[in-house]
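Below are structures written as structure tokens.
Two complexes, one shared chain (chain A), two partners (chain B, chain C).
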Partner chain A sequence: MKREAVGLLVLLLLLVFFPLFASSYALSVVTLILFFAYAGQAWNVMMGFAGQLSLGHSLYVGVGAYVAAILFQTYGVGPWAGVWISMAACAALGAAIGFLAFRFGISGVYFALLTIAFAEFTRIGFDHLTITGGPGGFFLKVSQRESWDLLNLRGPPIMFYYVILALTAGAFALCALLLRSRAGYYWRAIREDEAAAQALGINTFRWKMLAVILSAAMTAVAGVFNAFYYNNLFPEQVFHISRSIEIILGPVIGGVGTLFGPVLGAGVLTTLSDGITELLAYYNLEIPGVKQVFYGVVLLLVVMFLPHGIWPALAKRIGIFR
Partner chain B sequence: MPFDLVANVAVAGVLTGLVYGLMALGLSVIFGVVRVVNFAHGEMMTAAMYAAVVLFTAFGLDPFLAVLPVAAVFFALGYALQAAVINPFITRPEHSQFMLLVAISIILVNGLLMGFGPDAKNVQLDYQLESWALGKLLFDKARVYAALLALAVSAALFAFFRFTLTGKAIRACADNHLGALVVGLRVKHLYSLTFGIGAACVAVAGCMLILLVDVTPVLGPSYTLLAFVIVIVGGLGSMGGALLGGVLIGLSEAMAGLFIAPSAKSMFSFALLILVLLFRPQGLLGRRT
Partner chain C sequence: MSFLEINQISKSFRGLKAVSATSFEVERGGLVALIGPNGAGKTTCFNMIAGVFAPDSGKIVFEGREIQGRRPDEICAAGIGRTFQIVKPFAGLSVLDNVMVGALLRESHAGEARKRSLRILEKLKLDSKADLPASSLTLPDRKRLEVARALATRPKLLLLDEVMAGLRPTECDQMVEVFRELNREGLTILLIEHVMRAVMALAQRVIVLHHGEIIARGTPAEVVRDPAVLECYLGEETEV
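Right after this comes the complex of A and B.
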């Protein structure tokens, strides 16, 4: 416990002082890692804690992003107010999907396919929605790149780095608290054996709903960050199933249901992906597709030989409890 | 909108739908027996489409003849994939199986991208432009041949599962895994066989579809989703359901493309999927478990 806390503190301090000596490229890579760590943590609440497999989390990223972006661009509502509306919208969406699925008794593979169906339905819907620019995309006005305007989330990359660092640290702390709370124990009981949990008097419907709503609202914040960091939104990108897969990869590779898994997984995968790009550029092998094939092979090997993810195996090795 | 236009689009939709049905049949057979959702199904089909293109450009082989070698190779590859990679995952949680097949799909999509580049490829044969006229109805020759072959392969598969000993053994594995082990069936071998059969189905469907549409590497994931929609609508594990689902989706896609916008056509498929999942999760022809 002590060693864990010290390790976390060291990591946090490293990340806080990282921009002092990092290049702008390294900063952008770590920002991306933290983004996927945050989104993976949010997905992990639903799957890792409560055992509900969502393959459509891009839905919440996209809706969260579009709601905040439209409020900001069209109605002049700042992101700090808009984020609450984004969260509310995604929480409502999650609640609707969860309600339908759990009331109609849909679970397992069927639940996963239902989440894909909602995300894809929304993606094509946004492609045909004229007020958001359809497939042509929705753009935020880019201004004041040098000075920090934290209130409107307009500023240099280093500001976004600290925003996403704070979000990731906050999500980590929230999940640590959740795991030690009544909800955390109930969720894990449901994950391991839903019928047994129900027999013990746990209202499984209510607690599963809480997991979905919480996970959706947390993912919405990732969407808002996405919108203000990149300043452009395309349905084909934010809602695409490959975005859902990217979110899931981190926690699955790192370790589903663990606190540190999503962070470690995002770090490993983003570093790997950028490392391959660098390596291929060095050897002049930039054929389209080569990078992703490497990536796929590594992914295949990790899922085959580390079924519980990297973190549980690593934690056992260095003697930190999971 | 003139009636004969609508009727002609409907005919084309139904015929294409039968080919979709054969593709989905492969997914349905694999899921029904092995209980693993093949998230690389559409990617396997685009690979088969490229195989047909290669055989056509290199040897001038008609895709209807290419069916035999491509299906045989896909059967062998499917068997090997199941035996070497997927069998150890049978008892793993769903998200783990999902990741495995996503990894395979990433490798397939980008392997095809490396090999063939991002441009669309197709085959060009004389009879693709010919059609039979029945009154005002037009039947594209290629589409009719493709649909007939899809039906024939489905019928053969149905007979295989119904009447042969191996087919019955595979159905026994699907019905009761433990029971199949107890009576001494080689379950892992049968699982591999099943995956091989599913891969062969998708190979035939791919060879047929290349006569009707162009292929690009990135088409894979959308065909995977299409196959899911079809089997869920028809009933996962039900063979007749897969064909029925294919026809329904082919028809609804054609109609949505005609009346609304071609780009919006899969929106209706997903809406249908959501409705079926909620109100009839076992699918139109599926049995409730």
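Right after this comes the complex of A and C.
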């Protein structure tokens, strides 16, 4: 426990001072890692803690992104106000999906299919929505990239780095707190055996709904970040199933249901896949789809040799239980 | 008013009558055993009391309130704890965390829940294994864990579904002692059991089910001499 806390503090300090000596390229890579660590942490609440598999988390990234972007661009609502509306919208969506599934006893693979279906038809819907520019995309105005305008989330990459670092640290702390609370115990009980959980007085419907709603709302924040960091949104990108897969690969490879898994997994995956891209660029090679193949190989290796993910094995090795 | 009153409950599965118009009562502070051959409808009775499914007809009254058709979590909150015949540990959680899930029903603080869970584990001689994952337990220990988890919800009535099965005679006697003590402290127990050693030692009253109907009731000594009971267990006596 103590070693865990010390290690965490060291990691956090490293990340806080990282921009001082990092190149702009390294900064963008770590920003991406933190983005996937955050989104993976949010997904982990639903699957890792409560055992409800979502393969459609791009839905919440996309809706969160579009809602805040439209509010900002069209109605002049700043991101700090818009993020709440994004979260509310995604919470409502999550609640609708959860209600449909849990009321009618849809679980496991069928629940996962339902989450894909919602993400997919939202993607197609946005492709035909004129106020968001349809498939042509929606763009945020970039007036300046020099000074920090934290209020409107306009500024240099380093500002976004600190925003996503704060979000990731916050999500980590929230999840650590949740795991120690009644919610954490109840969710894990439901994940392990729903009938037994119910026999111990747990209203499984209510707690599963809470997991879905919380996970959706957390993911919405990732969407808002996505919108203001990249300044452009295309339905074919933000809602695409490959985005959902990218979000879950981190926690799956790092360790589903663990606190460090999503962070570690995102770090390993993003670093290696960017490394490969760079290496190929160095040799002037262009191989389309190499990133996807790489993801596939890593996933295969982890499933074969570390079925619980990298973190549990690593934690045992360095003497931290759990 | 009796503590638990089962009134004319019936349940069929695809036309097969599992329990038909069965009635019995359990008095407050009682220790009652439900026995019968395989397929007699004992677990079906339990599942109806515990809310896994509603009876097709009939009433179940607990402390003056009708509870048939309520959800399992509502039944548990009302004060009825249960164990599963086919054990259902939360395999990925530690033994202590398994019990804490139950304890959190009545405790709002994790610290208090942990303390009480440890006391319960001690009572069931699982305290030395508190930090092990539940998946590493042997079957007898898993049975104990079932009991510990149910006890953690602070039930007024405990339903035990074959918790002695697979235990060695000495372990069985230890378990009997645990239940006796819990009963002395005021816990009402209704148990399904095949291990007659435990039934004879524990039960004040025995109810015998056969083909979904009650064929005998009385003290353990009376029931084992009952010709109808002997017949259903050993087969009809025939002249050769």
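Please note the rule applied: the second predicted complex is superposed on the first by the 314 of 322 C-alpha atoms of A that agree within 3 Å, B and C clash if a C-alpha of one lies under 4 Å from a C-alpha of the other, contacts with A are read in each partner's own complex, and residues count from 1 in each chain.
Keep this in mind: a contact is a pair of C-beta atoms (placed from the backbone, for glycine too) under 8 Å apart; a residue touches a chain by one contact, two chains touch by 3 or more.
On a predicted model such as this, the values are computed, not experimentally measured, just so you know.
Report for A:202: first if it touches chain B alone, second if chain C alone, otherwise both or neither.
It touches chain C, and chain B stays clear.
For A:231, using the defined touch cut-off, is the partner it touches chain B, chain C, both, or neither? Pick first, second, both or neither.
In the superposition, A:231 touches no partner, neither chain B nor chain C.
Where does A:116 make contact in the superposed view: on chain B (first), on chain C (second), on both, or on neither?
first
Just to be sure I read the superposition right, which of the two partners does A:245 touch: chain B = first, chain C = second, or both, or neither?
First partner only.
Just to be sure I read the superposition right, which of the two partners does A:53 touch: chain B = first, chain C = second, or both, or neither?
A:53 contacts chain B only, not chain C.
Counting only touches as set out at the top, which of chain B and chain C does A:182 meet: first, second, both, neither?
In the superposition, A:182 contacts chain C only.
Quick one: classify A:256 as touching chain B (first), chain C (second), both or neither.
first
Going by the contact rule stated at the top, is it chain B or chain C that touches a larger number of residues on chain A?
B
Which residues, counting only chain A, touch chain C once they are in their complex?
Per the touch definition, chain A meets chain C at residues 180-182, 185-186, 188-189, 191-193, 195-204, 257.
With touch defined as at the start, can you tell me which chain C residues reach chain A in the complex?
50, 52, 71-73, 76-77, 81-82, 84, 88-93, 97, 100-102, 104-105, 108, 110, 149-150, 152-153
Chain B touches which residues of chain A in the complex?
Residue list for chain A touching chain B: 47, 53, 55, 100, 104-106, 108-110, 112-114, 116-118, 120-121, 124-125, 127-128, 135, 241-242, 245, 248-249, 252-253, 256, 287-293, 295-297, 299-300, 303-304, 307.
Can you tell me which positions in chain B touch chain A when the two form their complex?
My answer: residues 37, 85, 88, 92, 94-96, 98-100, 102-107, 109-114, 117-118, 217, 221, 225, 228-229, 232, 261, 263-264, 266-267, 270-271, 273-274, 277-279, 281.
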